[in-house]
Structure formats: structure tokens, C-alpha cells
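Shared chain: subunit A. Partners: subunit B in the first complex, subunit C in the second.
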Partner chain A sequence: MRNYLGRRALLGLAQVLTLAVAVFLLVEALPGDAAVALAGDDPDPGRIERIRASLGLDRPILERLLDWLTALAHGDLGTSVVSGRAVTDIIGAGLGVTATLAGATLVLLVPLAVGLGVLAARRPGSRLDRGLTAVFIGLHAVPEFALAILLVAVFGIGLGWLPPTAVGVDPLLDPVVLLLPLVVLLARPVCSISRLVRASMITANGAEYVRHAHRLGLSGRRVRLAHALPNALAPAATQLARTTDWLLGGVVVVEAVFVLPGVGTVLVDAVAARDLPVVQGLALLFATTTVTVNLMADALSFRLAPRAGVGV
Partner chain B sequence: MKRVVPLVLVGVPLLVAVFGPLFVGEASRSVAFSTGGLLGTDFVGRDVLQQVLLGGRTVVLVALVATGLAYALGIPLALVAATSRRRWVDEVLMRPLDLVLAVPSLLVLVLVAGLSSPGSVTLVGVVVVVLVPEVARVVRAAALPAASGPVVEAMRMQGEGWWRTSGGYVGRSVLPTVVADLGVRFTSSVYLVASAAFLGVGVAPDASDWAVMVDRNQGGSYLVPWAVVVPALLIVSLSVGVNLLFDAHSTAVPRTLPDDPAVTPPAGTPIPATPPVDNPASSGGSRQTPAVGSIRGPQRTDDLAGSGLAARVRDLRVVVDGRPVVDGVSFELPAGKVLALVGESGSGKTTTALALLGEAPGDVHGEVATAGFVGFVPQHPSTVLNPVRRIGGVLREVVRARKPGTDPGPVVRDVLTRVGLDPTWGFRRRLPHQLSGGQQQRLVLAQTLIGDPAVVIADEPTTGQDALSRGEVAAQLKGLADRGVGVLLLSHDLDLVDELADDVLTLHAGVPTEARPPEPAPTPAPKPPLTGPTVLTVDGLSVGYRGNRVLDGVSLRLAGDECVAITGRSGQGKTTLARAIAGLHRPSAGTITVDGGVQYVFQDARLSFDDRRPVLDQVARTAVRLRGLSTPDARDEAAALLRTLGLDPATAARRPGALSGGELRRAALARALLARPRVLVCDEITAGLDARTRRVVLDHLADLDLALVVVTHDEAAVARLADRTLAVQEGGLHNR
Partner chain C sequence: MIDRRLFLGLTAGASLAALTGCGSSDAGPGGAAGEPRRGGRLRAAFAGGGAKEVLDPHLANLFVEAARSKALYDKLADLGDDAAPVPRLAERWEPSADLTRWRITLRKAVFHDGKPVRPQDVLASYARIMDPKRAFRAKASLSLIDLANSRAVDDRTVEFALTRPFAEFPNALASFSAYIIPESTEDFTKPVGSGPFRFGTFTPGRSTLLTRNAEYWENPPHLDELEFVLANEESARINALLGGQVEYAHDLSPVTARSHEGRGLSIVRAPNSGMQAFAMKVDRPPFDNRDLREAMFLLTDRQQLVDSTLSGAGQVGNDLFGKGFKHYAEDIPQRTRDLDRAKWLVDRAGARGLAVRLDTSTAATGFVEAATVFAEQARAAGLDVQVAVGDKDTYWANSLKNGSLTSFRSGAMPIETHISGRLLSSSTTNTTKWTRPEFDALYDKAVSTTDESARAAAYGEMQRVLHAEGGYLIWGQADWIVGTSAKVGGVRTAPANTLDWARFDTVWLG
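Up next is the complex of A and B:
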């Protein structure tokens, strides 16, 4: 097991590095650069050249890539070419809101999704099951921005119960503005994980080992929760890792709708301004998060599906 | 109703998207966010209704094209990756895709879209980049079991090419997955297109697009709420409807299959199939096997109190689909005795045992009574052991359930010792897959013993076990009976029955008969040693799985008409050796030289047939591919060969699902023989066959003029066929 995880961690590190380089090259290929963006209303070629030289953008691309990687090894992500602030500061400023949102979503997500899935699987085909399944399927397809807009229209504008956006509030001091974003972020992952849990619970409930556990005289509740459920969790654990991907994407959208000053907003602004160091820093952050979560999910699945063996 | 809702949900936005542009009329501009017109005006003063009518095309078109493209690229990619026998091909194709998957899809959207100017082509490209890795991954995962499975191996042995094996068989086996996946993929395509447009990726900032409208008109949502609500609702309606529609379709596929006969609840009058009281999961389930709750065993145990009986069955009749599976079975099982139920496969042994457990399928009539808890040790103990639970934990759980109030620790250690397992903490911490087959069997026995069973049912306890383990099993069962448990033994193994049983009940087609099943033919005198030209040379063969060396420096020579039997305990590498000789497993060192063709008969014949094609066709392909016969000629020859093996060609013209295990075993043999091989490798060819079929198969094999390698536990088969016997032990091959 330790061997396996070690190898997976190395692979993850390689993934993050490859990704960092790929993002560097991609952003490099974007039409226009920071110098053009900075020149703003005065696109005089001479001025652009001067800005470019002052930013070091006229040096060969490989040289800049190497510089960036060396700095990275020292924990330095560089400085924003637009504002001149350190990239770590810029990202750090947005991280609080995003981490609060994502953390709260994950904490609520797991019990909610597993509970609903187990509930639906108790009596497959019952009215409760059909109702829950229809909601899982339907809600899962709704894009976050559309759900967010509709919720804002109903609860923010129509009924006036909740603030429609976070304009002018510090979300960390006044967390009620995070309520609607949280609901939006939870909607899709809850549906996808509940459906998986439900399906694998039904499979597990029909398995020979579950029937055997009943024969041995264990109570129905124990069999369900201690024998069927552990087997039903492996696919859900993998899905949970994919959810983190959505969460990061959803965060971008939700932050745009609710005007939250989080990492997603920083990303959209940075891409628009061609702020290469900031985009790279964020890509690195997102990639590291995704790879770490995947690694944890793999470790969990390894324990939950011991027969699948190593290296599958 | 179920169909109507999704259709309306999809239909409305689709109609607006397709026909909306026809009704737009003349473009007009007025003040931004005014309430003029039906829905007001948007952020630059355009009429919202006109924008709604125009704005659906991009979402629908882009999503459709992108999904189509993603499949067109993803499926071939996945099939090549899954079916390639060179590992690096898989790596080269899949690793970069994994990399894309490791990036949040919206990050990909933002970055890739920045590369080119806004427009539908960019949007399609972005969505395809996100979707292809997902499609490829799903399809590859679905293809892998088929691609590395015995059917493909069998087809390769028949000389089939890539198109038939990978394109044909594997491609078709992923089809249900693709159909089920289609809805998910199209939904996520709609989702991606809309979300991208909302973020301003791949579209012009003032484009007529529902998602762009939602984004741009947000600032005026107090003044003109419809300008955001209507397009948002249309997008929601489209994506929800599509998902519901496809989901209804994909779940409808399994629903059309005939229901498991076991679903019908037991309805016999006096039969004590206890209603599943504490197990609501089984009562409402439509596709579950029921009666899992009847764990307390049949009722009316009082009847047997003081009678000295462990179980009594009177006039048992079980009807499944109008056909009696068991008819008129009666027996009494005294406590402390062993009763053997014997008979060919399908004779009703297992159904009788299930009736004792209260789990018989179909309609049950007659009377079943037991003196208490009934323990069941199934033929394949691994299926009843929970793969993710440590064995000690489960044992403690059973103690707490059956003997509330007692300290579980000593009971668990005691029961493990009784069945001959290691009671130490280290062993109790193991997971079931870390146990050998024999240990798993004893563990299941230990679990049932905690409940102090009155009856223990042992289903084929010696199948696939070598002579040594067989002896241990026999001793275990004997010990059970000595402790006063009634043992019901279900077995083909007549030696075991003779050794253990106090009484024997023979079933034939569900009806008790007096006669014992036919004994295997008397063993003929050993043949004289043969000295022909060598056709098979194995030299210094080593084979390993992931660093574990299974075979180490094995050498073997086989003459043209010689038969060698390979024996040895389970897990020592017999099958690995057989597969290596057949060319199905690449050696890590050493050489295998075969003079002429080699063929292989799989241990599990059923798994080696494509269940969608008639068996006869599959058998005949060997002669077409390897001997260049025309299809009709090949089929005639296959039919003739099957007939000599006692298998009616009319039966073989059906699909594998309609044939029994024994019939398929013979078909697999015929499939191999049609190649006219010089060397034939058979893996456990007699396991699970009834006595008559076994004799036919052995007779045929004995008459063949080829070099034969027989891997088997079956001592009678060894005696009948083998010129010499070798045993695989600790990676080496030894004379016996």
C-alpha cells in the first residue's frame, strides 16, 4: 500500500509539473500580451516595446520558463505584471472566500449525498426512490449559473429574503451571503454522488455476502450500513474526487454571479488582463488541489476495493 | 406522463431554438432595461423577446456537434488503447488524456478559448477537448474486461484478426455503455456550452445567446427580471429534459429483460418461508432476489423438538415458471448424521437446500421443518465473504447478533480454532481475499457455527480441491456430525459421499430415484510408455505476474501422441503453465517450441464464448480461420464433431445462454479440435461435469492422436488419460 501511494504521489507531482509547463506555453500562445493590455488606450508600438522590455517579456521563452521554475522551487510565484503585487498575495487574498465555500460544501456534501443515496436504495422502485431519482437526474443537469440566477431571482429579488449579491459585504464577516452560493455549489455534486451511492447500494443489497449476512442473523440495519454500504462507497469516493473539479469550476461561476472576491474572480480577471504569472499560479493551485484530492480518493478506493489490487 | 414531462422540457427550448429565428421580425432598439415590449429590453436596449427567439441556436448546435465529435474521436481511441497488446500504446494514448482530466474543465475552457477568436468553432473545440478524455476513459474502462477476457483469448487462438476481436466483439460489448453514456455526455455538453458562454468564453460580448443574456442582463434584474429568468429557464429546461429523456432510455434497457424467476415470492400453503420481517429492502425490490430475510430458518421447530431430527422435508415441490424443479422430495435428517444429496447438475439438489433455508425460488409446496438455525456453506465461499470487511470484525459482529451479552473475543477465537484456522490477531485482521479457497470455506463454516446450527448445508465442498484439502474438508464435516449437527451434503464427489454419508438421496430431474448415478468407467491398464518425435519443448520457462514469480525454470518435453497430466495444489501455477504453453501468457524467461499448432480449452467454457453469437458459428470459425475452409464446410465439420461429443448440433445452434456448462465445455473442446492442433492443452476439463458427460469427454480425449496436456485435480481423469503425471509445486515441475 505504501509503495503504491508513493508511486501515485510521484505521478501526481509529474502531472502538476507537466501541467505548469503546459499552462505556461498555452498562455504564451494567447494573442496579445500583458504589455498590450497595460498600454491600454495608448497603443503606441514604441510604448508597448518599452513596457515589454521592462517586464522582461522580450527575452526568449525558454529562459523565462526556466526562471519561473527556479523561482517556483523557492516558493516564489513571481509578481503580477499588471499590479506589481506578489502572486502569492493576490491568490491568498481570494483564497479565504473560496476555501470557506469549498470547505463548507465538502463538509455538507458527503453526509447529505450518502444519506440520500442509502435512503433511495432502501426500497428500489418505491415512490420515495422514484421521486428522489427524478430530482437527482434533473437537478444534476442544471448549470450552476442558471440555478444561481433563478435562486437570486426568487429569494433575492422576488421574496427579498436573502441578499442577491455580496457587493459591498465581506463574505467572511457576514456569511449569510454565502448561503445561496452554497446551495448552488452543492446541487450538482449531491445529485451525482447520491445516484452512485444508490446504484451501488442496490447492487450490494443483492450481493451474496449481504444475503449471507442476513442468514447469519445480523439485523437489517447492520447489514445495510456495515456490510452493504462499505462496498457501495468505492465508486462514490472516486466520484467525490471528480466533484472537486466541478467545485473549482462552479466556484468560478458562482463567484461571478454573486460578485464574491474569490479565486475564481481572480482567474477570470487575470486571463482577461493576460497576467501570465497570476494565471500560472492559479493553474498550479488548481492542479495541485485536483491531484491531491485524486490521490486521497485513490487511497480510499484502495482500502474499499482491496481486490482491485495495486496499479489498476 | 413519465414520457411527457421530459419531452415537453426538451421540446419547448428546442422549438424556440430551431424556429424562433423565423419569428423575430424587424430588429428594434430603444432604451436599455426599459419595460417596453412583452419582456422588456436588454442591456443595450434590444427587445428581449427577439433575443430569446434568436439565442437558442448556439447552445443546441454547438452541443450536438461537440458531442458527436467527442464520440467520433473518443471511441476509436479507447478501443485501440484497450485492445492493444503492447502496453505502451495504451500509455501513450491515455496518459495525455488523464492530464486533461486532471485540470478543472472550466480552466481548460478559459485557457483554450483564449487561443482563438470568439465563435462557434472555438466553442465546439473547447467542449470537445473537455469531453474526449471523459468519453475515452468511460469506453476504455468498459472495453477492458472484454478486451482482456477469455472470449478475446479464445478468438485469438482461433486466428481471428483485430477487426473481428476488437472492432467486432469488444466494440459491441461497449455499446450499452456508450448508449447509457450518451445522455450524460450530451447533458454535460449543454452544460459546458452554456457555462462557457456565460463566462464570456468563445462568444462575442453582445452575441444573441441565452447564456450571454443571463450574464449581461444581470445588472438590470430588478428592473427587467424576465431578461435573465426566461433565458435561464430555457437553458434549465433543455438540459434537465435531455437528461431525463436519456436516463429513461438507458434504464429502460435492463427493464425489458425477463425478470429473474427467483423474484416471484414463495406462495406455498404450509411452507414456512418466513416473511422478511427486519429486511424491508427485499419486500419492495423489483429486481432483487427475495427471501433474504428468512434467516431464522423454517418455522415450527417445535415439531422436531425431542424427535432427534435436525430437519425434515415432506413432499417438497418447487415450481418455477410453471415447471417443477423439485417434485416429491421427502427426507429426514437426524441430528449428528450426514445425509448426501446426489445427482447430476440441474437435478434439484441446490433448490432442495435453498428450501431448507427458506430461500427457494418460485412456488414452494410441502412441508419443511428444522430444529433450529440452518447454516449454509456455499460452493464458492468467496462470494459470501464481504470483500472490504476484516474477517475478525465480522465474526465479532455475528457473536453480538446471535449471542447478545457474551464477550465476543473468546467465542471468536474458539470457533476459529474449531475449524482449524489461526485464532491470532494477525490472522483475524486479514481481508477475505488474503485467504486461500480452503481457508475461506472454513471461515464461512466458522461464521455459521457461532449460531449453533442444527443443520449445516455444504454445497459441493470439495470442488476444485486437491486430495490433501479434500481430506481436511471430509474431516471437518465428520467433526460437525460428531458434535450433533445434521449435515446435508450436496456433492458430485461420490468418493466423498461414500466416505461420509450415513444416508444417500439421489435426485434425477427433481424427482428422487433409487439408483445411484453411474460410476465412472473402470480405469484401463496404464498404456505403455511412448517414444515418438517431440512436438512440444518447454525450456527453462519462467513466468511472473507483477514481480511475483509463479513459474521458475520449468522444462518439459512431450512426444507426438503423449498425454501428460499436470497436478498440484491450487495457486501453485498449473493454469499459468497451461496458458503459457498455449501462448496466452508471455514468459519472462525461457522458450516454448511447438511443432505445429497448439490449442487451449478454457477452464470456464462459458466465459470463453461470445454470448451474442450462436455457439455453432463460433466453433466453426476455427476451421475457417486456421484451415481455410468455407463457412458451410466448417459448419458441417463442427456439427459432426459436436455430435460425436454427444452434443446435438441443433442445441449448439443456439446462443451460449441456452446451453448448460457441460454442453459448453464440449463445444469449447470442439472449437479447439477443429484447428487439428498438434498440441492440445485442457484446463480442468472434467470439473463440474456429471458422470455421463465426463465419460464421453474422457473417451474422446483418449482416442485423439495428438500431444495432450491435461491440467486437473481429477484423479480418475489422470488415471484414464495420462501417460505420466507431473506436479507443479513452488514454481517447479516435479515427477510424481
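Up next is the complex of A and C:
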């Protein structure tokens, strides 16, 4: 297992670096550069040339890539070509918001989704199960932006219970602005994960080892939670990893509706401005997150249900 | 979805058409704001630009940067209701008889650090903007200043030497982002200006807090504090306004405005704010053919474009820039749709069934919608206009060089600035590739004569030529829409880029 994890980690590192180079080349392949984007609706060619020179974008692409990789080797993500601020500062500011929101979502998501899944699986086909299924499928079909707009209209403006946006507030100091976004972010993952838990629980409940546990005279509750549930959680762990990844990438639509300046917004701004160092920094961050989260999920699945094997 | 954050004005100074008889007027139908009152903090929501946002006023590019610069700094002049420059830090200006030297008397004003605004600061500010190694937006407008021969006459007087006679020099003083900063400032982490508000705090991508400057040379602001907050989505700005999180929401859509008008909000509309157009390049087929350009003018159903793409929040255009501005050719009759003649002209140009690509993008609100509606109208006249939606971030640079027919829009600015920037052989943003020596000569005549009536005649002549056979098909003028809470008073209906637009020193909370 340790060997396997070591190899996976090395592979992950290679994946992250490849991705960073690929992103560099892809952004380069986009039409225009930061100078053109900055000039905006005043595209005087002479002015664009001067902006380009002042940003150092007139140097050959390979040279810039090498510079970036060298700096990266020294742990330096560079500075934004557009604002001159450190990339780590720009991303850090967004990450605070995104990580807080993702953390809060996950803390609520896991018990909620698992609890509801277990509850629905207690008596498959019962009125409760069918009711929950209907709600989950319905809710899962609602896109984030639609739910966000609806919640803002009802609770933010109609009833006036909660702030409709996070305009001008620091969400970390005034977390009440995170409540509506939290509900929006929870809605779909709760549905998908609890459905998974429900299905695996039903399978597990019918499995020989669970029936054996019942025969041994263990309480139903103990059998469900201590024996069936860990097995049933393995598939949910993979889905949870995907959700975590999705959350840490900054859910752009939710950030936009609620005006939360998270990493999704930073990315959209950086791509629009062709601010390569910031895009690169984010690519590194997202790639690392994805690799790490998936690695952790695999390790966790293995712990929960060792029989799955690792196949290597 | 984030197209409106960019300051899409082509703004080398800006102005506002007279809206009503006397130009700007106070908003606030309900009058809930009452009489001007001291105190309070006004929060204003604008679209922002994330990492792009800067405090250096000479780099201002986004609406929020322009509004913030205006609160912190002053220009020598700004543009008033008929696009004519009005004195600001300059108390008055006086040209020499040959229009090559301009003597500017400065107002008695102080920077926020208590130091007086001196001619040296003015010269240093302009030298910074004109630095050949740098790329400030106002540089082109100031380029005719001969800095080496300009000088401080005494501690309140500057004399500018120009490289050529220029009657419209005050337009340059009012050009977009030509702010006066204290001499040798390069660090803008704590900006010091002479404007109505002092700097407080700045959180990039989130908010800027400013405080009242009690020493302001004009009337000190009513507000104690002014906070700019950022919300890129229009829906978020209106939600924040409805939810009481802000008192002022900049740049609302006509649809939003209509659905919330009169429901506890004030909607402020500024007519003649945004010129809406299609640019035909006259140097290449097919629009090097004058008949075809005229056919395009005649096949356009302007009212339909205004009604559909602007939701009625605007007026039809007459293929001329600057409706209501000084020197605008009001005497040229409004062009109306004449499909029969358009078809006849299309045939005469041998263009029946011709496929024409219309390049557009989401770089400005309503571009794609207008292009789609227009393509339909052109088909009725026998032209096969095909809409091609391209990349929004590089749209302006692209449409300057490529394509024969492109979507175009412009913020308010003096007609002279529009012509010098876009319609001369030497213009750097000549999207229609309009290069005519005789037209250049008319412009030179207009700006180098001291005779007002000769100047007016030259502007009239230039506009007659453009109306008859120019490359800009200007189909409308969009309103600029701002929403405020009912307790906000003193917000004026000035279009973007003008003196009274986003001007918060005259605003109060009732």
C-alpha cells in the first residue's frame, strides 16, 4: 500500500507539471495577449506594443516558460503581469473565501448525505424512501445558478432574512453572507452522495456478512453503522473526492451570483486579462488539489473496503 | 457574462449631451431624499476587474477606476453638458493669437497632504502620461503638447506650448484619465490627490473606502464616507441594491430598470450615452463601394434595433456621432428606412445575394443581439449578412484590423476627439479605415482657426460627408442606467465619462 501511494504521488507530480506546461501553451494559443486585453477598446497598435514591452511579453515564449519553471523550482509563482502583485497574494485572497466555503460545505455535507442515505436505505421502497428519492432527483436537476437566483429572490430580497450578496463584505469576518451560497453548494452533492450511500447500503444490507452479523444477535443499529456502512461508504468516498475537487476549484457561477471573490472568479478574471502567471498558478493549485484529493479518496476507499484491492 | 466590467468608452475625454434644456438634472422621482444633508456612508456597486484594478489614476480603464479617480483627483478640465470642456483645476485658459501657446490659471487648491497644487505638479503629471516608454491612455490626447517649451509662469500659472495650432486644446485637458497628481508620485498604495474625497482603505477586487475632504476647493462633499464595492454581475448589483447592501448600483440593464422602477428605487437614465453602430471598412470590398454603404444605411430599421436590443432605452441614430453635443449637425435630416432604394442600390453595386460576414462578440452588452437583428434586416434587402461571434477579450484590437463589417460602440466624448481618434489618416484607432486628405484638411481647418463660425462650418461639412458616405452606420444612442435607493439625492443623469457621471461629491443620503 505504501509503495502504491508513493508511486501514485510521483505520478501525480508528473501530472501536475505536465498540466502546468499544457496550460501555459494553451493560454499562449488563445487569441491576443495581456497587452491586447489591457488596451481594450483603445487598441492603438503603438500603445499595444508599448504595453507589451512594459510587461515583458515581447520576449520569446520558450524563454518565458523557462523563466517560469526556474522560478517555480525556487518556490516562486511570480507576479501578475497585469497588476504586478504577487501571484500567491492574488490566489491567496481568493483561496481564503473558496476554502472556507468548501470546508463548511464538506463539514455539513458528509453527515447530512450519509445520514439521509442510511435513512432511505432502512426500508427500501417505503414512503420515506420514495419521498426522499423524489426530492433528491428533483433537487439534483436544478442547476446551481437557478437555485441561487431563487434563494436570493426569496430569502435575500422577498423575506429579507439573509443578505442577498456578499458585496463589499469580507466573508471571513461576516460569515452570515455565506449561508445562502452554502445551501446552493450543498444541494446537489447531498443528492448524489446520499443516493450512492443508499444504494450501497441496500446492497450491503443484503450481503452475507451483514446477515451473519444479524444472526450473531448484534443490534440492528450496530450492524448498520459498524458493519454495513463502512463498506457502503467506499463508492461515496470517490464521489466525495470529486465534490471536494469541484468545491476547491471555486464554483464560478455561485461566486458570481453572490459576489464571492473566490478562486473561480480569480481564474475568470485572469483568463480574460491573459494574465498568464496567475492562470499558471491556479492551474498548479487545481492540479495539485485534484491529484491529492483523489489519492486520499483512493486510500480511504482502500481502508474502508480493503477487498477492492489496488490492482498493482 | 462579465462583459460590462471593461470600460468600453474609447474615451479620450467625454461629454454629455444636453438632456433637457439645461443639461443634467437631478434624479429622484419620489423626492424621498429631500434637501441636501451632511453625513453618512454611501456604498456604490460597480463592476470590477479583479487583479487588473489599480489605484494609479493614469492607468484608469474600468468604470470603477474612473469613478474612484474622479473622487480622489481632479483634471484641469472636464466635459460639460454639450461636450464642451468646463474648467476644473484650471480656473481659466487663454490661447495666444496663433493658438500655439495656452496660458492656464490654476485654481487655489490643495492636495490631501496639505501641499498646494502647483504648475510643477501639472507639468509633471503630463510628463508622466507622455513618457514615450509608457503606455498611458491619455497620452495620444496630450501628444501635441511641446513639454520642453512649456513652463510654469508663476505659482498659479502654467503655459503650454503646442506643436501646432489647436483651438480645441481644452478637450485635451479634459481627456480621460489626465488627472493631476503631486509631482514625482510613483507609489499609489496611498493615493494623494486634490479631489473631493481622501483615500481610506483599498482591498483589491472587493472595496475602496474614501473619506470626505473638508478642504475641497469646490463645495466639500455632503457624504462623510464613500465606499466603492465590486459586483461584476448586473444581477448581483441590483440584488445588493434591493437588499439594502448598497445605495447606488452602476450600469443596470433596461430590463432590470423597467421591472424595478418605482418600487422603492430610483432609476436614473442618461440619454445619448452610448453610440451603437456597425463599422464598415471603406478601404476594402465590399464596403469600398459607396452605393453599398448607402444601401446599408437605408436598409436599417433603427427603431426595431432600439426597441429590441436596447429594450427601448435609447433613441435612433442618424449615422452621426455625438447627438446633442457641441457642433453636432442637427440640420441633417434623420435617415429613415427605404427598403426599395436599398435594394436598388444593392443591385447597382452588383451585391445581390452577396455573403457578408458581420464580426461581433460579447465585448459589449447587446452586440450579438443587435448583429442578429441587423442580419435579418439586411436579408430583406438582398444581402446575406452572416453573424460571426468572436473572442471578446481581444475584440477591439481584432476589429480594428480585420473584417469588413464589425459591431461598434462608443462612450461620450467631444466630436473633435471622435474625429481625431477615428477618422483621420493619422488616427490610431481608425476602424472604418476612413483616410481622406480633403477630410483631414477640413479637420485641420476646424481646429486651427480662431473663427468660431468657420470652425462650426468645417465640422458641419465633415459631418455631411460622413452622413452621406462614411463607414459608421450609427443606428442608436443608448441610455446609461443607474439605480439608487430612494434616500439618495443629488444623483445626476449624466452619461458615463462625463463630469457629472458617477460624481459623488454632490450626492447626499436623505
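Simple rule for what comes next: the second predicted complex is superposed on the first by the 304 of 312 C-alpha atoms of A that agree within 3 Å, B and C clash if a C-alpha of one lies under 4 Å from a C-alpha of the other, contacts with A are read in each partner's own complex, and residues count from 1 in each chain.
Quick note on the criterion: a residue touches a chain if its C-beta (ideal position, glycine included) is under 8 Å from a C-beta of that chain, and two chains touch if they have at least 3 such contacts.
Computed from a predicted model, the values in this text were never measured in an experiment.
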{"item": "Simultaneous placement of subunit C and subunit B on subunit A, clash or fit", "value": "clash"}
{"item": "Partner chain(s) touched by A:G138 [first = subunit B, second = subunit C, both, neither]", "value": "first"}
{"item": "First, second, both or neither for A:I48, with subunit B first and subunit C second", "value": "second"}
{"item": "Dominant contact partner of subunit A by residue count, subunit C or subunit B", "value": "B"}
{"item": "Partner chain(s) touched by A:I90 [first = subunit B, second = subunit C, both, neither]", "value": "second"}
{"item": "Contacts of A:L150 with subunit B and subunit C, given as first, second, both or neither", "value": "first"}
{"item": "Partner chain in contact with A:A256 - subunit B first, subunit C second, else both or neither", "value": "both"}
{"item": "Partner chain in contact with A:E208 - subunit B first, subunit C second, else both or neither", "value": "first"}
{"item": "Touching partner for A:V278 - first (subunit B), second (subunit C), both, neither", "value": "second"}
{"item": "Which of subunit B and subunit C A:V268 touches, first, second, both or neither", "value": "both"}
{"item": "Those residues of subunit A which subunit B touches in one complex and subunit C touches in the other", "value": "30-31, 149, 152, 157, 164, 256-257, 268"}
{"item": "Subunit A partner contacts - residues on subunit C that touch it in the complex", "value": "1-2, 6-11, 43, 45, 49-54, 61, 133-135, 137, 139-140, 203-207, 227, 229-233, 235-237, 239-240, 242-246, 363, 390-394, 396-398, 400, 428-429"}
{"item": "Of all residues in subunit A, those that touch subunit C in their complex", "value": "30-32, 36-48, 50-51, 54, 80, 82-83, 85, 90, 93, 149, 152, 156-157, 160, 163-165, 167-170, 256-259, 261, 265-266, 268-270, 272-275, 278"}
{"item": "Touch list for subunit B against partner subunit A, complex", "value": "98-99, 102-107, 110-112, 114-115, 187, 190-191, 194-195, 198-199, 211, 214-215, 218, 221-222, 225, 228-229, 232-233, 235-236, 239-240, 242-244, 247, 278-281, 283-289, 292-293, 295-296, 357, 359, 373-376, 378, 383-389, 394, 397-398, 401-402, 431, 433, 444, 447-448, 450-451, 546"}
{"item": "Subunit A to subunit B touching residues, read off their complex", "value": "15, 18-19, 22-23, 26-27, 29-31, 121-126, 134, 137-147, 149-150, 152-153, 157-158, 164, 202, 205-224, 226-227, 230-231, 234, 245-246, 248-249, 252-253, 256-257, 267-268, 271, 279, 282-283, 286-287, 290-291, 294, 303-307, 310-311"}
